[in-house]
């Protein structure tokens, strides 16, 4: 079967956290239960591995391979899509990870813009992405757009211009930006086999109105079931219900942000909510106190009592 | 009648341009036809006068009074709401304009955050707004939030906390920002007599999904009828139709932005599309060439052939 | 005498605070003693009136005139240069103030870039400045560059290109920016009758090395005598001594910044150190507590015991 | 001998470019001649390897080791200091490179702040640096501060607080920032065995006035001899001469910036001026045209005819 002939990436995709043991080394034993938790408790059937949530930039290339391999192996036959993020500051490293992703049977790869040296135009970024995609031509390729972190504000719509000619495996974008005009113009230009997944969980309903095909984010790890309800309600035309869920979710995030809500807190929150032992983050992300995460978890349970 | 008992501000509100003659002085003769144009050709029945689009910060206090007076007088009995923006860098000037707005029978006033000296917290901003509102207590009061221009990123939701206690005339917000979580949390906290009007025309559909009560913007001057259709379609549950209109509108703006699209271009575009003689902008906004505006107008007519 | 034939503006220039009474109205009675204090206690013989430190953007045009008039009248025969800042968001207001400054016998005017609408190029900014300068052609004209506040990052060197042709009264720049390459290129391009005054007091020694002709700042109100010593030491080639003074001054500012150091604190600090009753700032600048200012004043006296 | 007892790092340090062959692979054959060129033609006797100029973030860990090893081996006995930059996004990678640098006999290591995940305080950054330094305790350790690229604006002075207690091998900072108050406060707090090297070549004279112990930068590759003259003049008290050289150097950079001056241009300029074949940069940095670099080289030769 042509791997590029797979069905489109849609619905909710969890951006997975990377389990570490208390010593800060990767802890593969959590991955199996993690996958089951997402499927059974959250109704989430696709994952985005080694992304920002997964602290990929704090991992070595070898660690990323080990993780990618384990996630793919254990998700096989259980999940719809396992997308491996292979973006690095170094093109060489990205290519090595892309080749590896193809070898281990990933369902797709994603690449963020390099952010230390920033591409000065859409054309340069497209060329960079092309160099990565070309070493794994049989894998569906996604661009990962997150300008607030990378500082790379290239319009995605400009990046898309004739992209299928230089990246035949191009299949879509994880769009984690607030420029919904750019997002809309991408959707307006989209092709049938492309997917545009929104990445700012706190305003998913807005992206759905614009036509998003799905969503990738970290909160889908622990409130995926609720956000699935939001999507269902929206699709049925029950905007009011979808909005109610979105507002509750925003209330959760607002509460967390007032307390302090970085990746370390987010990871600890997932441990507390799911019962999985994800362990600490890695420096320069700092571990948060138990009380801090528990307080947010309590708010979550009050807002979404089914948890 | 209690002026505060008026019906809520909803639907489309045009942020009006300020007509100048070729010598750069205000040209009141255009205002009557301008009002008729908005009502008859665009179906727009409310206006936001002396805002950013109206170049208020480039006008003297006297000029702002003259304009406010003329817009109110000529719109009387024709339009639903005439909101006068009275925000200035100086609290004194804002108060003078607020008192004047009450005298001339405006339907409400709006105030932007001062941006030269920036309020360092929601509390300071609320106090500033209170000082303005208190001199015109009978006028519905709106906060005008536009962080990309003011650099004041106070969360509007924080500003709203108990705002009715210090500003009893508070009636809503013109929200020209991309933080839709903040917007959503405002709507979630809203009271029946409050209105939240969205101000980034290019992503109105996203704000409608979040629950926006209406919209204020400059494009409603010349594509108000189309954007009214967008709102109608959305309200009827025809998201696909609303989206199609939004995408066309985005295509127009994308085209304009590639050419260059600042307030000077926007004003000239309105002159070309409407046939009204709005004249040049005032320095430091520069006048654009005729060809530049004509090229955008042509694109507009191709996208929205009814014009 | 040709007013433009005056001697160059050099040395230290105090950016004056605006005295207000407890009710927040301007308090002219402090101005006479303030001038004497600067001359006698600080050895500062030039002033920059109605600038950022003077909260000009929070004053009405009438208030600015009243203040300008009083400062000029009372400084006459006592001070070397009284420069009136006439920059406003509105060109009209700036012109009105420039004409007024000429009438009251100011020694020069200065203009900041408008910052609500930002000039999109050096050429547009030059044209704006020209429009102001042209209504007061007999007054030495200075551009006031402070990009951290205005957000206008036009290179001053670009602005200077042929500026004497469009602004014959051009005499220099108050350069409150950290781009010392731009500053150096201005000095390299400078003409004999031009003055480049540096405006970041905390790194004055760096600007002197680059060739600054003087300095304008708020700290010269209360540590002018020390900073005069710094300049003298530098001019005599005693860099080590100049550096020691600069380091002490930086220690003062660092201390203040850790406590919180905005314009409200700065104004209160001046009241405490000088004994002058400058009163509160005006909203949106907030008044600071007495303890806050006293704590900084104590640090100042420990670092500079002569006070 | 205690490697930490070496003499302080002072004077000019060239931040080296990484030689690549036309296929984009590292080209060690250029390194020997490169070292000779720096010593003989530029009078530069220390190097900063694998920094920003060296495109380290675009290299794999293995490539960085190969380069570090070759630079150390070939500079041995010829140069005063070979500092290997070992900073990476991943702490693991940085530690691996630090251990390697100790094995190959580097004279010191430097570490930039991670910039994808940004340390949220001076304390977190200090802890990150400590984790790297601790695996190579015998190597002089330098922090590399370049906030315009990393977006990490931690005050260096805050970072220094008691740093010798957690990083006994701490020896100084490459300070590539424009906050000269922070720089001054670092120098004021400095200890005898510490060195503060300034990294914005275009305003070196300002940093010398503040007390800089030396400088690290990319332009010292090709105008090191001139900048050595600048330093000599400054040290002899001939500020005017130092300034003249600085102004010419700024004129060169201004000229280059108008044409476009990123790392790709800079690298090509070095090839043209030195005659060394440094090859292309690596994506996402783009190669510049020959004409572009030649035009800048011509300007350089006109300004500094000795080349």
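Each chain carries a letter (A, B, C and D) given by its place in the written order, and its residues are counted from 1.
By definition in this document, a residue touches a chain if its C-beta (ideal position, glycine included) is under 8 Å from a C-beta of that chain, and two chains touch if they have at least 3 such contacts.
A quick note: this is a predicted structure, and the numbers were derived from the prediction, not measured.
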| item | value |
| --- | --- |
| Interchain contact steps from subunit B to subunit D (minimum; 1 if touching) | 2 |
| Homomeric contact subunit C-subunit D: same or different residue positions, threshold half | same |
| Reference subunit D; chain at largest CA-centroid distance | B |
| Inter-chain centre distance, subunit A versus subunit C - centres from mean C-alpha coordinates, in Å | 51 |
| Cα-centroid distance, subunit A relative to subunit D, in whole angstrom | 36 |
| Subunit B: positions in contact with at least two other chains | none |
| Graph class of chain-chain contacts, one of line, ring, star, complete, other | ring |
| In the complex with subunit B, residue positions of subunit A that touch it | 157, 178-181, 184-185, 187-188, 202-203, 205-211, 234, 237, 239, 242-243, 246-247, 250-251, 253-254 |
| Residue ranges of subunit D touching subunit A (in the complex, touch as defined) | 55, 57-61, 63, 89-93, 96, 113-120, 124-125, 127-128, 131, 149, 151, 262-263, 282-286 |
